[in-house]
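Each structure below is given as structure tokens.
Here come two complexes built around subunit A, the first alongside subunit B, the second alongside subunit C.
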Partner chain A sequence: MRRRGGGVSAATDSPGRGRYIGRGLPRPGAKRLLAGRGRYTDDVVLPRMLHAAFLRSPYAHARLGAIETAEAAAMPGVHAVLTGADFARICAPWTGTLSHFKGLRSAPQRPLPTDRVVWAGQPVVMVVAESRAEAEDALEVIGIDFEELEPVVDLDAARAADAPRIDADAPDNVLFRTRIEAGSTAEAFAEARSVAVDLRFGRHTAVTMEPRALVADYDPAEERLTVHQSTQTPYQFQDIYARHFGLSEARVRVIAPDVGGSFGMKLHLYHEDMAVVGASLLLKRPVKFTADRMEAFASDIHARDHRVRARLAFAEDGRMRAIEVDDVTGVGPFSAYPRTSAVEGNQVVRLIGAPYRLSDYRADLTVVAQNKVQMSQYRAVGHPIACAVTERLVDLAARELGLDPFEIRRRNYVTDTMYPHRTPSGYTFERLSLATCLDRLHALMDYPALRAEQAALRETGIHRGIGIATYVEITNPTPAFYGVGGAHISAQDGCVLKLTPAGDVACAISITEQGQGSEAIVGQIVAEGVGLDRDRVRVLTGDTETTPSGGATWACRGAGIGGETALQAARKLRARILEIAAAILQAEASALDIRDGAVTDADGSPRMTLTEVANLAYYRSDLLPPDVSPALTVAHHFAPRGYPFAFTNGIHGSLVEVDPETGLVRILKHWVVEDCGRIINPLLVDEQIRGGVVQGLGAAFFEECRYGETGQLLNGSMTDYLVPMACEMPDIVIRHVETPTQDTELGAKGCGEAGTAASSAAALNAVNDALLPLGAAVSQLPMTPERILRALGVV
Partner chain B sequence: MKARAFDYRRVASVAEALDAYAGCPGEARYLAGGQSLLPALNLRLDAPDLLIDIGRIDALRGIAVEGGALRIGALTRHAETLASDLIATHAPMLTEAAAYMAHPAIRNLGTMGGSLALADPASELPACMRALGAYIEITGPAGIRSVAADAFFRDLFETAIAPGEILSAVRVPLGRPNTRMRFDEIARRRGDYAMVGLAAHLVLAGDAVETARLAFCSVGPTPVRAPAAEAALAGRPLEPESIAAAKAALAGDLDPDDDDTLSAAARKHLAGVLLGRVLSGLGDGRLTAEAA
Partner chain C sequence: MIAPQPVALTVNGAKVRRFVEPRLSLADFLRQDLGLTAVHLGCEIGACGACIVNLDGRPVHACLMLAVQADGMHVETVEGLSDSGAIAALQAAFHARNALQCGFCTPGILVVALAFLKDCRAGGAVPSRGAIRDALSGNYCRCTGYEAIVDAIQGVAEAACAAEAAA
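Up next, the complex of A and B:
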């Protein structure tokens, strides 16, 4: 079906598909990557390039004494041995606070420490050499005097009155506290029945296939810094490098080539980043650093690490009334920069209970420092915690009341007549499709048959569990997210479109690509918006010099904000093409259309190709009337201005089988019904969901950064940090409901975090459903065999 | 992470390998499949001066039945173990074990001799050798000697191989027709080191178990035999009562340590579960899992 005039009409609950928008087309770049033709940061080799390696602290907390570097400096191939003092002169410190998190404290950070180390794995000395191997050779002969200090490891110990302080200038180890209060929960709990949970969520980390990497290249002749970096936010790093090294932003260029996964991990500033840039400035040569896998575990941000105590008050008829929450989260020694480590906890306490009608709500958040790797935003920031807490409470209430998990949710969802709906925690939902998704999931799972099968199998000693979990997801953030707090993080995107002389379209856009298909969907939108074949649109991203500045890719904003930007830019280019064509054809532009790369009459009969239009504008502009511009390059910037966030929703179902003898869980199947608004490419949405589900199941069953009592990370390799792998993963069945946002013409919201948001919660409910007849329950993620055996009382 | 610089020499014969080792003034290591050695070098846990690549020595290859034993050359890749008809016929426990060993890319390179010489107690093959009553053939400057698997694994990553010697082959005595064997393990993910693994080898006389050899991996510093559980099976038919007796006796055989993902108690419990399941499976279909 061909749609006319760009064909994007979002003002409907069941949008039709366009020529490209809504089509499951493969990513144009996928074949290149599969063929081994990707060019990642580590593939960048520059003339006179040097290699960096870091000596890292073996202690979680120690005072730094003398550093002996003379022998290392004399090693073969070594150009420099740099310590904290070398960088203190050239790099202004950074502090991970933002003004909208009132009271958030954090210690200023420098590339390398000058007095204390605060986590095991913290880089202390940098060697820059002709090769990475030579740099590592030199690390072996560096001597550092450490005076060990008592480490702060446990969440409760960190808050004790006599706890050693990580930041000597701070009164305690609490970085941030906040309370949200709506109504009177005390009254509600006094009057109603209630259930309670005490849930623990382990630390895990991103484990991108491509680790962090950057090549900093300072050219003193032009006083120009170029940084090739594996990141999702090149504009943010351009700003940071310019400000902290005192460079003109115009002379700083950040290029993100192919990026092998990021998941939020690659938008934080790392100490090594600043050291590498600083080393290039000092040595006036390109310097490369690629984190190896052990360095990734010991320095990439970790995620989660929460202990949440919560309770839910409900009436005899199953009506939910109030929730109280106390979330304590450990974020490592300081708050991450530039987005802070308060966002995850803040989203936990604001998302709990969000899909349900609640009259009273109170939540306390305490963000605690510890001598561990920094914790900050990672895919689905806060959502999996909030979802697990909420959905476990809902299941417990259902059990108390003898209600089915589907039924209690149906009775308590925010209903279709309530939109726009404001939650007690202050979020506003434009429109969700909670009950629709619930019903779709019920049918999709064939829920009654699953329950019957479960009952029959229990008779034979097989313990299956069924769990569901509803989520709402924060997408399309406005400046309310970071900008209002003073962060130089854009909420808008820019897109430049050029009709080339050959009649193709070149698109430069500020959202970025890390393998999820950002470039693919932009190409589809532009092709449809202009009216030419998809393969005639080339999309360029990830270079601050050649693309417009904007927000880039994070927090589920690429499709919703970047996509709308591309659509409106395409409208502008289309209008330009039609104006030029109309002048030549002596027709009214409004009577012309663009289809399949040709300007046509309203009835579709072709009048001239885009190649002819472009040829004319570029080479024979003398034929155009004087008042018609030959320009075929347009720019458009867009920032959402309506709701602060475009909330999405959906529901997951999980079927598991618990072996009560071994504590092992077989994940048999997973279902998702999701609503991310207008879908641009269902294939890519499915893969976003599927990958997200797997990450959530990793958190549920496998992934955990384990620490010993002295703050040592105990598992820093792929042997003992268990990522979910294909053999253990179930089939994942996905269906879509589309409720476009009215804030944009495109109507798209985000989908990148929806898979991760609820899959661990669904699995938690499923395992507990299986354990119920055995009189056991688990309340800690990941649900390891040991923890399940302990819950069962077997050991 | 990059290895410290080292010299590399590929040799064509065992004699040449031994000479290279003897002639090295510093530390030398034999390199076969490299699946454990190379990571150790890159992590700088080991930094030899010389790597002697024995990977092209034909005399260390081959799987054959000779002299009443199945001889498996040290360079036999795990993928070859998995695919070998001779092994499947005479020591099917090894075929089963190989399927659990890591992933295909590792199995294509990792070798029988390398795995045994490393003697990681969490590995499958060392436990299998003890259960099979195999002999490890070691070649050194003084010639070839043969060490029973029970005497070969001495401590954590320590074997009967002396410095400079090469593990050249293993010999598995051919089983009698009434032999039953099985390898199985309990792991959190396919291909991981097991939480506990069991190589079980039973010889039956009529209905009764004549001898039982049970060797566990991942429960101690070496592959661990379970003499009390073996004794509980001997002389009795393989039936729910004898299996329960073996599980009960097993508690005295194993003394694992706590580690940060699995307590000693949980590991012992899992060993008992695995023993019950493996023995039930070896009961030739007459026993069900529930009965154990």
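Up next, the complex of A and C:
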């Protein structure tokens, strides 16, 4: 099918491609990384820079007593030993609540604790020294009196009436509750057949290859703070540092250099961030902190951690009618800041059942505190949980009725005549391509042949499973996501374009780059929008001082919102160029065009180059008529104003082979048919999908933060926590359907989370399909060999 | 603390002499003392492969060695391999296939892929995809899902084999 000979399986161009938009072009910025010339935050070295290290709590829950620091302070190279009290004076606490999550509560947080520690690994004391090694030496001689308290660890135990409370002032360990109700599920279940699930989803974590890092550099002479930080959201951190340390926002600059992976993990505020900024303010010198891998496991946000009980009511003809859901999720000791820890669960209960026509729906969400690492948004927030719950229910109903998994889905999808469609949970779909994607996947997998092969192999004792999973994905969010709740998180983007005096284009934009190719697609859009070679467009991102403020990168918004911003900015610059050229050429601007870097007549014959236009505007503006401005810098800001979110959709297929004697699963192949609207660069979309699929397969089979009874993380290292390796992963076949959103001219929606949203659900269905003839089923992710053997009754 | 010790080694073709603390890892030495920041630290326990460099021509984890142990040896990092052109074909294939995203794991993968392809050429066969995946199993990548990396390495292997056959 592919890859005969050549070895390279680069995506083909989009059918609706233009000069650049829709082309599978490599990323210009990747060459620098391939030459070893990347500049990540830990590579930043500043004069007089000091290094921070943290002493962390060995207990999950303890009262903090006396801290003995004198000996550490006297160690060679040590400049300061700082505790909670030092920061309490200079940093206003932060609380991870937003007003649109009514009733959400969370304990205020400070850089370092003053009275209690609430998870094992919480930073307690900071040493700042000439080198990281000297700082770590000093940690060895610090004494802390801890009075151990009973920890809250297990999700169910945390809700027990007699459970110890993490927040002593609160009535229980519940941080947030919500219920969604549409129609009458009680009636539906009374009248119909039903299936039920009780699914558990383990905690896992991002494991970015580059750990979190920042260098804070305070200059008291100008009262200026510059922070070099490995993050995807520099504007958000600029706002946070300014507000919480009482600095002028205009004097706070956050620079995100090359970022070695983020996946949502690096957009949350961490206690160490505030301590490093605070230490720079106190010491008036640059201070660097780079988390080592053990610190990353014990302090980077964790993800998921759900127990979901749900049931589906359906009729004899296979028509689905109602779903009831009870999701309990454990989020660590407090709600994360500034995006809260309620979003994950909120999206679970709103996304369940979303692709299907349901008349009745009820979902309860309970967000529970535990003495574990904080849980918050990570790639595909809530989607994999909602998808797995829904798609497992659908498969179970199909089995009850003797229907094929493809057939039951085909009968129940929201149909093409129903758009715009509002789900019972309140989401609105502009237009999806559910049935098209389903049919495409059926053909792509050669499904009948796969089923025949499966049956034949079962005769020989080989247990293969085939699973599919439909998803919808939230992208292009409006302020409905965070802004309405009071968060200083922008849903708009800004782009400044400048035609330089030499006739090149410099682009500064507020979306950011973590390797997904934001800069590449913006370059393609601007080059096409203005009408010049892509090599002549230079894109700058990730610096609050030199780019316009905007939302940056989260919730799959870069291509859809940032891309539209760039396109409209390009239109503005093009209009400026044509106005100037028209004045010089004594032509009507509307009769001119820009192609391949030259102003042309409508028929394409060149009149003057962009270099000539720019030279003229910058150096010989005296030649322009008085009413024609020489300005060749334009700015454009854009925020979506139509649908609150642009939903993408698609479907995954998974083929696995389960060994019933060892419980080991071989992932043989994975297919994705996805629709993210207009595709700007299919090569990059494919790689976003593939990377996302593998992160989802990690959650499905390998990745879990395992805790002991006392709240100790048991596998916080790269040898104990399993991330997917090359030898375990399958080739992934991808096809595209394009349903552009009409909310923008560009028509693009997000794609970065689509791979993760459904790959674990497809794998869950595939494994259970393999286990079906053995009379077993798994209902917990990750599906480890042990859990599969338990399901089979072997152990 | 033990006093700094003298080391003399060859790094990317240039002779280097320094005094280093015996506890300093080779990776920290290359990054901090020599500014060779293509050496990346992802785990510091030899699991992730981001710090892999060539030591006397073979890939090793720079995080698992002390700088003093490299005394008298030859080290090549991606900076040097890039300047010498040794990895030019791999770089071109990775670029065309978009076989990297954030780029943090990439230097270690390039060093491993170079040695792997050298071994394959000695064996005279184009490696299978499975063999490439096995060879990469000491290199974690969180962005790509690996397939593009396998494609890129396979493409270089096939081109090298075809060139040899034509010669």
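Assume the second predicted complex is superposed on the first by the 780 of 795 C-alpha atoms of A that agree within 3 Å, B and C clash if a C-alpha of one lies under 4 Å from a C-alpha of the other, contacts with A are read in each partner's own complex, and residues count from 1 in each chain.
Just so we're on the same page, a residue touches a chain if its C-beta (ideal position, glycine included) is under 8 Å from a C-beta of that chain, and two chains touch if they have at least 3 such contacts.
Nothing here was measured: the structure is a model prediction, and the numbers come from that model.
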Partner chain in contact with A:Ala133 - subunit B first, subunit C second, else both or neither: both
Partner chain(s) touched by A:Glu786 [first = subunit B, second = subunit C, both, neither]: first
Which of subunit B and subunit C A:Ala73 touches, first, second, both or neither: neither
Touching partner for A:Asp292 - first (subunit B), second (subunit C), both, neither: both
Subunit B versus subunit C as contact partner of A:Gly260, first or second or both or neither: second
First, second, both or neither for A:Gln514, with subunit B first and subunit C second: second
Contact breadth on subunit A, by residue count: subunit C or subunit B: C
Touched partner set for A:Cys727, first subunit B, second subunit C, both or neither: both
Subunit B versus subunit C as contact partner of A:Gly36, first or second or both or neither: second
Partner chain in contact with A:Leu684 - subunit B first, subunit C second, else both or neither: second
Doubly contacted residues of subunit A, that is, touched by subunit B and again by subunit C: 133, 137, 292, 719, 725, 727
Residues of subunit A defined as touching subunit B within the complex: 131-133, 136-137, 140, 292, 294, 461, 661-664, 702, 706, 708, 714, 719-720, 722, 725, 727-728, 784-786, 789-790, 794-795
Interfacial residue positions of subunit C with respect to subunit A in the complex: 1, 21, 23-24, 31, 36-38, 40-45, 47-48, 50, 77-79, 82, 91, 93-98, 100-107, 110, 129-130, 132-134, 136-137, 139-152, 154-155, 157-158
Residues of subunit A touching subunit C in the complex: 3, 5-10, 26-27, 30-31, 33-40, 42-43, 133, 137, 206-211, 258-261, 263, 292-293, 514-517, 683-684, 687, 690-695, 717-719, 723-727, 729, 731-732, 755
Of subunit B, residues touching subunit A in the complex: 1-5, 43-44, 186, 188-193, 195, 260-263, 265-266, 269-270, 273, 290
